[in-house]
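Chain nomenclature is as follows: A, B, C and D, assigned in order of appearance, with residue numbering initiated at 1 for each chain independently.
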């Protein structure tokens, strides 16, 4: 069982120009109203002079009602010129899945959700192929097959976007979806589309990274989870992993061994996103505890 | 797709006292009958003076019919005092799964089978709890709930054994089955029961290893897959893995992070077993390519 | 070059019963006196209800003179019932090295110091063998050979202790020193003696862990750096690492491969100690950034 | 102590078009002459149809005198169209070191040699800076400072080459030598110049990889050891490693943490080269046991 299911907490994610006294102001805000801080993590990028913070506190006993926290924070946020977001652990996020033909990441995501490892709802699965419909049906999840090609891309993505909006999707996970998204979708869900790419980026972006890795004769293969931006495989990296390979491994072995890495790396990234641990800036991520 | 599905190969696994000329004799046996060797790996334990070999060759063009290979090998095996096993890649192995309440390893195993990553049949799932029956049913797999306690252990294990025999099971995977097997079962499937233990053995054998690891203040957690022997968590180790943890991780974090490790480590171990890559001796494993 | 050489900072390490408002009080203490916080990290052990913090700030512009910080902090510390330590980055710590016959850890430590990776002075090296004297001399470091055996242990450790005091040693690194320290030394330098043990503890404590690991047939070997306490190899763990091994690796291979791990793990641990990042409690470490 | 110091073995490294019966022919060659095979490893690249083998046997009792092995092998090699090399473990290889200003890899290499971990002679160290001369002198090693710039590159490399020849150098290790070698040197020591590059290639080739990695926001840093070819950082990869980094790590932290990785990865690569385990083909390495 996931302890987050039972938590009733508020989470603040903040970034702002670094200045003396921010920590004090924020921790005071919580403690003045009798909030019990459960997690507090901050980071300062001394090069860019940017301050980042994640603070999570128990709402039990907090003297400001949840719906008024936003208003109470606003003056402080203005004062420090903050970019900020407020989340509540009791809100269940709605995650859309995009897939193509390969089932391993989809299976792994569904298993985590089913097992209660993640607290999330999956209102729909979208694919450009029919292949994984039976799997979706077995989990009683709506499956929309929207084939995309060079000619129909714009109109099909429009359909995808309408589905996402209709199902009030909070964020999207590309679980080995083998299509490049156009700006239409990316701009609709900025920093809210998570991709898993099967290489240690920035090496081997684009198609067939295992084949390219094999051709190059690397001794490691990797996987990278990142937020999708307009430049292919170049968005802010959330998590990466590698494993050793040797001359004995064929491309098929790379693919087989890589699957476990893809599942694990994607799993970590979605977990961090779900826990509201990630702030992006300058095409990077800060992942606070 | 799994290339092993299309292969039609023979696999010899051999161990014997080390002696000059074994390699020659064995490779000659294959090449004399026009066998094309696809994999050949050997190992010599110089301390114990034991020779190990795995040889896999294409049956296409091999001049000895598959059913006569055994007879042809026998004199050679006798000559070198070999312990040997002959397998055919076209034979589909039958794997029983034992589970308790936790679904993550079961899910992962079923996903691999469904996705064609492993070439194996699952004739039945046995559990001491009803918890995972719905999951088994979703995959249309027979599920037997056989509750075990101190009083009924002997008779219940007898039932389990009958089920395994009835379903002609080749090997057993304990996918987080939280019961200790008695010699009855272990002796019926020697070196053919694979367990996943959630620690880097030999540290933290037995119950609640994540709790013990947390209490000790380790900076790593691990998982170990091994063949089950009569001594608890002390059988031949097939695969191990670790990941870093820190003071920030609670026992719940250990459990959450450890799940990915358990899935991966168990997956590697079962793969090696399915490919007939493992020879055991002196409570160790030799894993040949 | 090490940027810490140029820093002029104060570092506070604090642990105390968790209570609302500690963060606020501490960050306010620094910011009220115009201190620019460079690093701030905290941790709460929710199970034990203990609060931990490390705060490092630039002394440039700080309105409290360095020598008065202690007095200024005292009332706050008393108020929150803190266990606390104050360090200054400009103070160069004095590290004694204990070695036996194996040179790899000693070499690695000396190389780091020489290269300016660590800001530390080495007033002396103590050994129970003459073996490494030439190496010490090459680095112009005083080398004391104090052979220890069951009979003379007490008096020899007394000599060691006198040397440590005479040379005003701040902490001790056992760089593969193959003797068990008695309480005399351990109590004189509590949580200030760092050992490197060549296994993933708690597995294989004591002598010859690589041999034991080989006999057990593990697929991983490890190294652990910990503070020395009276129970052998059971003190608070600072850092651990593992690498994969296979049936092909002999005990000699374990030893050879393990050396790199020992060097790296010990290096990380000493770095964290030198940066005043480590707080110990309940036989564990909290390592703050 | 290194067991290889005491061995008296012959090592054959072979590659040739794959054909039935090669293994048999080679193992028979050794066993017919009473050679005791200590290591035997082979690999077949099924895609390219190339066979690779390393065989090491004890010369004690081998009926062909060492100086006649070459002649005895020749007909067999011709028959199978082999590319082959014969080595003797008693021959001590001569390794030249090229360095610039950073000492950590040089120190680590010298420590390994001093400690007897590697059986090798270092006839000279070449640098484009005077910085590390004192370190070379402390180890009593000849140090040649040959400053290289765009104008004098050709003539200075000519001098380097003359020194290498004069000192009968077998292979070269670039221990963080920050100059690009021209074809003159590379062609003189084909597949015998080992470089350590401080990134997981093919990502971040060329200058300042840690800075590029930081700018990209990666969550891993790496190191790669490879044979030098004319294309910069694109030669056959021998060994790679990675470690996790986070948003907390500055470029200086990348550099500091990377050093340990560079030392370890370079150490593994040189070890494999010294043990005659590496065959190169198609810009890749096969590393046989």
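Everything that follows uses one rule, which is that contacts are C-beta pairs under 8 Å (C-beta built on N, C-alpha and C of every residue); 3 or more make two chains touch, one makes a residue touch a chain.
A quick note: this is a predicted structure, and the numbers were derived from the prediction, not measured.
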* Chain separated most widely from subunit C, comparing mean CA positions -> B
* Structure fact -> Quick note, more Cb pairs in contact for B-C or C-D? It is B-C
* Asked: Whole-Å distance, subunit C centre to subunit D centre, using C-alpha means?
  -> 35
* Structure fact -> Taking each chain's mean CA coordinate, subunit B and subunit C are separated, in whole Å, by 42
* **Multi-partner residues of subunit C (each touching 2 or more other chains)** => 46, 244, 248
* Structure fact -> subunit C residues touching subunit D in their complex are 3, 102-104, 107-108, 111-112, 114-115, 117, 135, 138-139, 248, 252, 256, 259-260, 263-264, 267, 271, 289
* **Interfacial residue positions of subunit B with respect to subunit C in the complex** => 43, 45-47, 52, 200-204, 216-220, 222, 236-242, 244, 246-248, 250, 282-287
* List of subunit A residues in touch with subunit C within their complex -> 20-21, 23-24, 27-28, 31, 34-38, 40-42, 44, 46, 244
